[in-house]
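For reference, the structures are reproduced in the following blocks.
Shared chain: chain A. Partners: chain B in the first complex, chain C in the second.
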Partner chain A sequence: MAALRSMSRLLMNRNLSTTIKRGYAEDMSFTFASGNQVFYDGQNVRQVDVPSFSGSFGILPKHVPTLAVLKPGVVSVYENEGNVKKIFVSSGTVTINDDSSVQILAEEAHPVENIDAAAARDLLSKAQSQFSSAANEQAKAEAEIAIEVSEALVKAAE
Partner chain B sequence: MSAWRQAGLNYINYSSIAARLLRQALKADLRTEAAKRNDSHIRITKWEAGKPIKSSEF
Partner chain C sequence: MLGRFGPVVTFVAHNGPIQQHQRGMATLKSISIRLKSVKNIQKITQSMKMVSAAKYARAERDLKQVKPIGNGAKQFYEKAEIDAPTDVPQKLVIAITSDRGLCGAVHTSVVRHIRTELGKDDVNVKVVCVGDKSRAILSRTFGKNIILACNEVGRLPPTFTDASKLADAVLKSEYKFGAGEIVYNKFKSVVSYQTSTLPVYSLQSVAAAPKLSIYDSLDDEVIQSYLEFSLASLLFYSLKEGACSEQSSRMTAMDNASKNATEMIDKLTLAFNRTRQAVITRELIEIISGASAL
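What follows is the complex of A and B.
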């Protein structure tokens, strides 16, 4: 009986220490880089919203470790000072680690204010005509991607 | 499964299309600089006995 009690105490202690360890992760070390620019390098931020193929989701400190593939769209970064930065990503990956650090790696990323709304609309209509004139399945699929991306661009530029 | 995967494309293809479109949608002053990232070039040179023999560009 005593042995059982000490064992259960041991188990409880283990649970306690893991809870405490996770409790330390109040900060979120955030890294965001693309082929053209480094936006954040290990900076502490409050929250990050990302568009991914498994749905759009927000990341707060202590988020469960996750890997996701980025979808073209706007990443919102809520900085500690209260500003919100909106950055359009073409594609890439997001990694959330056990220690609450987050990395976003994008092929191309630009602040939304750098997107030209007229150019985005132009791309969308071009992609649509590309889709209707596509000769084979691959060209059709490529045009479909172009429509999806330029729709996201038009939406972000609004 | 998404249509582009069904058509034999992968995420690398998807990613490069998306990146190219984003570059084209930038404001005019940024667009030319960004367009330089559309292509990448590799030059391969074969060396034999300390001398370049043949070089080719891709």
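What follows is the complex of A and C.
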């Protein structure tokens, strides 16, 4: 009798855990961290739009698993409450796993409202002059990246 | 007469066997010199403890910020079930230590972990030493296995730029490895840390992973860039963990050193006072016996 009861409890437990797992897959465990700040850590959000080198794309729960490399630009996070948070990223990676967890790791990230448009334009002109005065290939490539980032910064600040 | 000096003489002889004739005076001086030096050492250890306490507080705050990066970068390796390739035996080990000592066994425990690894196979395992300490310890026995060493670690809190420079240097070293690991001290609490490892994989081993096919639209370039960035993030995370463990461990070590110094100071003060009294007693006896002889 006791054995039967423990068996039935075992079965019930298993049922419970499967339903939990299924419920979990509907959500999106979203982590967004950068070298200077953590924005989200395992939180549940509705949608995330990211700029990547293979094109910008939106992530909803149950997105197909993929990897992508971030391009300088603005990541938009649509929170469950309806707020939209826009965060500028310089570079980094996006990982979407098959359990619907999403990780965005950025080198540097800041909310768009913190960007100073004038300073961004300054940075762009500095990067352009750096590009024109670049002596070798490596300096040129570095300046090119600086231009790309500052162009995205100016665009985000507008 | 001499019989009465018995205990003092043995004590004195124990402290300073040199200068037999002026024993009492000489030991008094030598004890006071020692006392002074121990007091100075205590001052140093106490202030080092204060400094590392302040640094530790900052390192712990930083570490909290960085934890999601480390966990996030680890997730993909775990969820995609990547394994070390069997056909490429070359392994890379990155030792995360710093330049500075006096912090307990943080550096030695990292090195010990690597040494057991090298003991198993010292042909295919190459080491990258971050921080002078690991290089100094490993270069004696496994100098030929070190492919890269860097210093100036630990003076300032590590930044992401440091980590990316390091990742760049590792990738530029042109060492072809199948898999590897970062050996660092994972911070657990102020009094404890655990030497742990983080995985590092090459493009081939990721491409060979059986679960990779469920990931959509991947090409080698994306994976390569992804791996480079995730190496930098993992290094950044482990540098932060290492820095935090180091400071907490230094704090404990310096606290212990200060306590030991207090103990020594107590003992030396006692010995000093005893000797001083003995010297006074001897002088009195000399005067009295001189007077009574007259």
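Observations on the model:
Assume the second predicted complex is superposed on the first by the 134 of 158 C-alpha atoms of A that agree within 3 Å, B and C clash if a C-alpha of one lies under 4 Å from a C-alpha of the other, contacts with A are read in each partner's own complex, and residues count from 1 in each chain.
To be clear about the criterion, a contact is a pair of C-beta atoms (placed from the backbone, for glycine too) under 8 Å apart; a residue touches a chain by one contact, two chains touch by 3 or more.
Every value quoted in this text rests on a predicted model; they were computed, and no experiment measured them.
Of the two partner chains placed by the overlay, neither chain B nor chain C lies in contact with A:47. Touch criterion met: A:35 reaches chain B and chain C at once.
Applying the stated contact rule after C-alpha superposition, one finds that A:103 touches chain C and leaves chain B untouched. When both complexes are overlaid on chain A, the residue A:153 reaches chain B alone and has no touch with chain C.
Of the two partner chains, neither chain B nor chain C is touched by A:130. When the shared chain is aligned, chain C comes close enough to touch A:64, but chain B does not. Judged by the touch definition given at the top, the superposed model places A:120 against chain B, while chain C stays out of reach.
Contacts of A:142 after superposition on the shared chain: chain B is touched, whereas chain C is not.
Looking at the shared chain after the overlay, A:76 reaches neither chain B nor chain C. Residues 35-36, 69, 91-92, 107-108 of chain A touch chain B in one complex and chain C in the other. Only residues 31, 33-38, 41-42, 53-54, 64-69, 91-93, 95, 97-99, 101, 103-105, 107-108 of chain A touch chain C when the two sit together in their complex. Within the complex, the chain B residues that touch chain A are 3-4, 6-9, 11, 13-19, 21-28, 30-31, 34, 37. Of all the residues in chain A, the ones that touch chain B in their complex are 35-36, 69, 72, 88, 90-92, 107-110, 114-116, 119-120, 123, 127, 137-138, 140-142, 144-146, 149-150, 153, 157. Within the complex formed with chain A, the residues of chain C that make contact are 65-69, 71-73, 75-76, 79-80, 159-160, 164, 211, 214-218, 222-223, 225-226, 229-230, 232-233, 236.
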